[in-house]
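Naming follows writing order (A, B, C and D), and every chain is counted from residue 1.
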Amino acid sequence: MRLYISCITAFLCSLIGMAGLSRESVAQGALANLPRRETLILENPEGTIKNAGWFNIWAINAGGQSNGLQQAALDTLWYIDPDRGLDGVWQNSLAAEKPIYNADFTEMTVKLRRGIYWSDGVEFTAADVVYTVAAQIKYKNMRWSAALSLNVDAVEATEPYTIVFKLKKPNSRFHALFTVRWNAIWIMPKHVFEKVEDPLKFDFNKPVSLGAYVLHNYDPNGRWYIWHLRDDWQRTTLGAYGKPSPTYLAYVDPGPPEKRVIAQMNHELDVIHDVAPEGMFTLAKQSKSSVAWFKGFPYAHPDPTLPALIFNTQNDVFKSKDVRWALALLIDIKAVSMASYRGAATISAIGIPPTGAHPEFYHGPLQDWLSAFELDTGKRKIKPYDATVGQQIANMLRSSMDDQIPTDPKAIAAAFGMGWWKSDPQAATELLEKSGFKKVGNGWQAPDGKPFAVRVVVEGEARPVMTRAGSMIVEQWRRFGIDAKVDVAQGTLVTRRSAGDFDTLMSWSVETWGGHQDLSYFLDSWHSQFVAAPGTPQPPRNWQRWSHPDLDRVIEEIRNIGFDDPKGIELGREYVKIAVREMPTIPLMSYNVFTVMDTTYWTGYPTSQDPYTDPVPNWANSRAMFVRLKPRG
Amino acid sequence: MRFYVKYFAQRLFQFLLVVIIGINLTYVITHATPIDPVEQSIAAVTSFGNTSPEAIAMMRQSLRELYGLTGGPAEQYLNFWRRIATADFGPSLSVFPTPVSLLIARALPWTIGLLATATLLSWALGNLLGGLAGYYQDRRSLKFVAILAMGLHPVPYYIVALALLVMFGYVWPLLPISGGFGMNIEPGLTPTFVLSILKHSILPALSLMLVGLGGWFLGMRSVVANVVNEDYVVYAELAGVGRRRILRSYVMRNALLPQITGLALSLGAVFNGAIITEQVFGYPGVGALLISAVYAGDYGLVLGVTTISIIGVSTAVLIIDLVYPLLDPRVRTV
Amino acid sequence: MLTTLGDLLRYNIEFRIGAILVGLVAVMAGLSLASPYSPMDTFLVAPDLPPTLTHPFGTTSRGQDVFWHLTFAIRNTLAFGIVVALLSRLLSLAIGLLSGYKGGWVDRLLMSINDTFIVIPLFPILVLFYFMLRDRMSWWVLAVIMALLGWAYDARLIRSVALSLKHREFTHTGIFSGMSTREILVREHLPYVMPIVFATTMNNMNWSIGLEVTLSVLGFTDISAPTIGGMIYWANQHTALVAGVWWWIAFPVILIVMLFVGLFLLAVSMNEHIDPRSRLRRMGAGGA
Amino acid sequence: MESRAPLDCDRAARTRQQAEVALCVEDLKAYYRTRHFGVEREVKAVDGVSFEVRCNEIYGLAGESSSGKSTLIKAVAAAMRPPLEIVGGRATFRFLPGARSLNQATASQLAAIRWRKLSYIMQGSMSVLNPVRRVRCSFADFASRHLGGNKAAFQVRVRQHLELLKLDADVLDAYPHELSGGMRQRVTIALATICRPDFVIADEPTTALDVIVQKDVLDMVRDIQGEMGSSLLLVTHDLGVHAYMAHRLAVMYGGRLVEEARTPELFSSPQHPYTKHLIASLPRIGVDAPRIGLAGSPPNLAAPPSGCRFHPRCPLAGDRCRREMPTMIAVAADHRVACFAVAGAGGTA
């Protein structure tokens, strides 16, 4: 008996003891022995890095990327900001000026900035760029090896600060390889890599950095990385914009959304990459110090990425554009917006993200055409476009959260988007019947007599909002009598997407620069030459495996004009019109990211009032924040 | 002695059989995964990057060669066993070229440290209390423990973990709710580091023990409740043998036997349990590694982890089997 | 049997509590037939309403009435647990008894297979199964898979008991009186291991439902089918915990805990009733 | 009305006219009172039994199963667990005078008595020894506290005792399951007698054994009993065993004694119809008269028949038997019967 009593007490004591010591620890805060006021803590959406000690980003996929490595320690020739940029959308980083192409786009000359140094004191020169290209071509398993070997015939440093690329074939967009949207080809430190015998097996730990920060400390379990501001930060490209304020950057894996919200409420996480809308609302309500892109609703930052319902147009059922249109007309975008983003979505009827510079180049100018657009249901012609959907969503929301909802139409268009397709079951019925489907009982039958079954592949946990959108669409189709189901492809989505192993897919095949009107970034890959045969892997991004002669022509024309050529806008609008007529994917909304920033220790985050960059912390552009942030008090 | 040689040989044979069947099973299953590691890598590279379709086609080919996925299935299978023989699981595909063995070596201490300890602790404590509760059936304090156990034990582990997380993470934020240790702490035998580890392990450990302990407690209690009525216990009582001696040498001694088998089995749960524990508490370890490997279609890693766990568990079972006859003479004549 | 159940109900406090709890849960499940809402549809009611008279358990962020949705969820979850338990019991009984009684190579072979199932980590395998089966992974497919994976522990347990039974008088007498193996196992040993089977049934349901909850919470089941795990899954998708929609998680959890504790108490009290020894104690005359 | 020779333990204890009384049981009532799941049951397993066991005597207790034999010895030896309880009467041992019965002794008294003064040879030797401990340990656990002395001395004592019983000393190193049934029973007997107790209770000591072994074991028991001069209460349904062993023999039916006499006398001239039947149904060499079976079945002790519990099966049963319960009447020296139908035993049925 005594034995048993003593056991119990010992057990309880140990628990209480532990709890005790933990109490004192919470007071001590999230990071031991770092000055909190000089530290910016950001979420790394990559989560926990399996291979924590690996910093050689040029080896494919061996370590973390957005653990601060590409935001703070790496650099390349140019950046294009998805928003307005520190001093314009186009940013010459390591390059001193824009790329200089020859007449037929077979040669690109780059002038480099001077006085830029690696963190180990070695100066950055053309030799590094040349080595980067040469090495990637030499080691065919490096990350950008293929892209470079395909394009580059020869590269040479004509002067210490001038490089000339000779291209194998004309390419007016070659510089894009060295231009950061999210990332780009990062420049390697020649003096480091030329010493190692196999650059593919080299972990590059501790990394010699070209950015303003150097690695300070990292978790061998890959949960956190801490970077320290270089003493010679002036000798980096970021330094040109002034001294970065945070002395330390901590990129951490705060865990699932709830934990992120809690962490920020405890002021232990300055920048949340993304949370579910409800988490966002909670922070907006309960954490006075939290701010987001939009001051009020819908808060989120719209990434230049266009989530859409992607058809596998190689499936017989979805070969007919009438079927695709029918399914589009069965979607009530308002419900989808509510289910996915609780209304905090920026909708788009056309295949271009309604963000950055795009509305002024595309969405705005195309409104009239859209309103006039006619669709032949086989029985009659209808005008499916409703220019006021954005307005309707705003009004719908105003009832519950009036003060937060803008009233100015421009603001509404910016926040909620412009128009979308009217939900029109009648027209959908006609379209389906036109292409041989028929309703039996309360279920639809495909022409082959089988029930009309549609599976919508979603990514589950990995992308909650998209999963919610997909589930809502499924529900709407099911109500109409289609045998629709969600198919959660958590983990398998990537493989299935490239293998074309799906009916329809909640994903995106449209990504743009955001700040720049050029569409080749995604559109070039939509050319019929790249469409893979059924069953074989499809290269990104034309997941719908769709092609169209008119589109091919557009793409080829774009290839032969300059990056900034205004004619590009015209061609872009042509693409939009073709895509609307054909409906290869049902564009829904921009990818809104609920990036939440805590102003307890730092102010001056990028917002819609001061859109100097994208706050989403895994984008390499987000480095612009570091120079604009101000410590509070 | 002759018996032991025979017995040992049998058990060893069985052990090997289990390991080989198990590994083959997982080999087949893991290779049936529809996830293509090459596509995963390419997606990781292209999801944000700007890469032309031709480039991807090229990359795909070279990656296949790099990951050694070009050979036929038979060839790959042979390679696999060749590697196992040399205790080398080759490179991980999802974090190429880092060797699988290195990744596991990093993760294993965390898993063992947390789960094995928790399991053993709750086993010992649960059986002690359970035994006492079964023998002294009218002790009020033990009745209370019983009620507690009945309330806690049946609750699914995930729920318990979630509840603890909510209680001590959100409602009453006392304890860290993710990670193995605090930020910016240098690993090493420093008090700060050890303290931080302890602190981070409380919630996961507690969750494991709450569930485990109840099970052992109730199990032991019911076994003892039966043993108490065995003739040899009654007889010993009639012979006026002291209660404590009866409890120790007659009741506990005999009741523990099934529980010992139980322990060996529940050690098997360590590697499964690790997954959920590490998911919920963001705790580092083999489970987290395994899941991420499954996601990445990283056969190498999945196989590595499962193989290690299979060998680990069956070794535990083997040891128990070898010790068992020392504890239960009856088995020796089987 | 019925009368003993009646007695249990009247005079055994544990059994009574258990019965009440399980009863309530069963009633919940039954109510699903009376639900005014379809479990598949969303945004049928105003979202995020706290518990009120009209919505006793509140409403979810997906505009579902928690109470009514819960009735479907618990029904599916319950059915799932039962199917797995029954199937796996049969397996573990057959294998455990046989291998314990037969011993020798039969035992070794069976136990090798058994141990293999014990040592392979289940979770990743279930996940891989899900990857392969995709939307064909309905709850009953999952149930069968789990049953096939979930018998090993108890088989070993039952075996160890059968092992000890083998040295009991009644086994010997059974053998001498020329009973066949099947007869000995069924007539002599089965009643003896029944209590364990009951206990394990409970534990197995705990295990299977627990695993199902975990799987679906992590999104590895058909998320459109309402289950307890599924509800928690969707709640997490909407960060209900921090969004203050606590009722979305609290009520499913409470219900499932009720189910487990209830089942457990039933198992415990029935063990006592079934266990031959305690019956002897009760029917005192048997000792004279 | 009729001349009774009621037993009076106190007197028996005070004035020792006859051989000294080792155990005196007087009007002992032991019932199983179950209130399990509310089912109120009272099983009158032992209902008013009186007898005495003298020193250095083997007293046999016969009766078919469920006649209350085992319950009786449980009650006598205070080996009762709920729901069995003593509701009346007493059973006093010589070595514990005064006390109504053993179950009133203090824990320390019991500890001192058990195995030293009173030991048991239990039914089902298979399972009375701890299967996972060597025999030696059982000896140590049971006896060492009484015999005292250091380990070595104790070991010597044990060996001597085993020799006395012609047992090989290395059984000590064996585990119970490694011994044959007979051997195990012998070991149990050795264990029960190691402390040379005054009183030994043997419950079906040889039931599980085959005839040959049975004889050896019985001889062994008798020898050691004679050697120790202690009393033995031998309980078995097997009249053959009693014939072979018991000095005096009592027959139990339905929780009561029906007849008691010196063994030879009981066999030669049984008085009670039940006893008669028992004896008659014994196989005898040479005689092949048809065995007359006894109609009906043993009484249900939860609801025993009124009056004499044997009357439903009794060929001589009369009205009185249905109304009154017969008491034990001395019909001759050391011969008591409980039956109205027996001449000299209280009139006619």
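Here is the rule we go by: a contact is a pair of C-beta atoms (placed from the backbone, for glycine too) under 8 Å apart; a residue touches a chain by one contact, two chains touch by 3 or more.
Only a predicted model underlies this, so the values are computations on that prediction, with no experimental measurement involved.
Comparing chain pairs A-C and B-D, the larger number of C-beta contacts belongs to A-C.
With respect to chain A, maximal separation of chain centres occurs for D (centres as means of Cα atoms).
Centre-to-centre separation between chain A and chain C, using Cα means, comes to 44 Å. We define each chain's centre as the mean of its Cα atoms; on that basis chain B and chain D are separated by 56 Å. Centre-to-centre spacing of chain A and chain B amounts to 38 Å, using the average Cα coordinate of each chain. Spacing of chain A relative to chain D, judged by their CA centroids, is 92 angstrom. Counting partners per residue, chain A has 258, 262, 490-492 as the residues that reach two or more other chains.
Those residues of chain C in touch with two or more other chains are numbered 127, 131, 167, 218, 241-242, 281. Residue positions of chain B touching 2 or more other chains, listed in rising order: 34-35, 170, 257, 294, 330.
Residue ranges of chain C in contact with chain B, taken from their complex: 14, 103, 108, 111-113, 115-116, 118-125, 127-128, 131-132, 153, 156-157, 160-161, 163-164, 167, 195, 199, 202-203, 206, 209-211, 213-214, 217-218, 232, 241-242, 249, 253, 256-257, 260-261, 263-265, 268, 271, 275, 277-278, 280-281. By the touch rule above, chain B contacts chain D in their complex via residues 230-232, 234-236, 238-242, 245, 249-250, 253-254, 257, 327-330, 333.
Across the interface of their complex, chain C is touched by residues 10, 13-14, 17-19, 21-22, 25-26, 29-30, 32-35, 150-151, 153-159, 162-163, 166, 170, 215, 218-219, 222, 225-226, 229, 257-258, 261-262, 265, 268, 271-272, 275-276, 279, 287, 290-291, 294, 302, 305-306, 309-310, 313-314, 317, 330-331, 334 of chain B. Within the complex, the chain A residues that touch chain B are 1, 3-4, 7-8, 11, 15, 18-19, 21-23, 25-26, 30-34, 48, 50-51, 54, 59-63, 140-141, 143-147, 149-150, 176-177, 179, 181-184, 200-201, 217, 219-221, 223-224, 226, 250, 252-255, 258-259, 262, 266, 490-492, 494-496, 498-499, 501, 511, 521, 524-525, 529-530, 537, 539-540. Touching chain A in their complex are the following residues of chain B: 34-36, 39-46, 48-60, 62-63, 66, 92, 94-98, 103, 106, 110, 125, 128-129, 132, 136, 139, 142, 169-170, 173-180, 182-187, 192, 195-196, 198-199, 202, 206, 282, 284, 288-289, 292, 294-295, 297.
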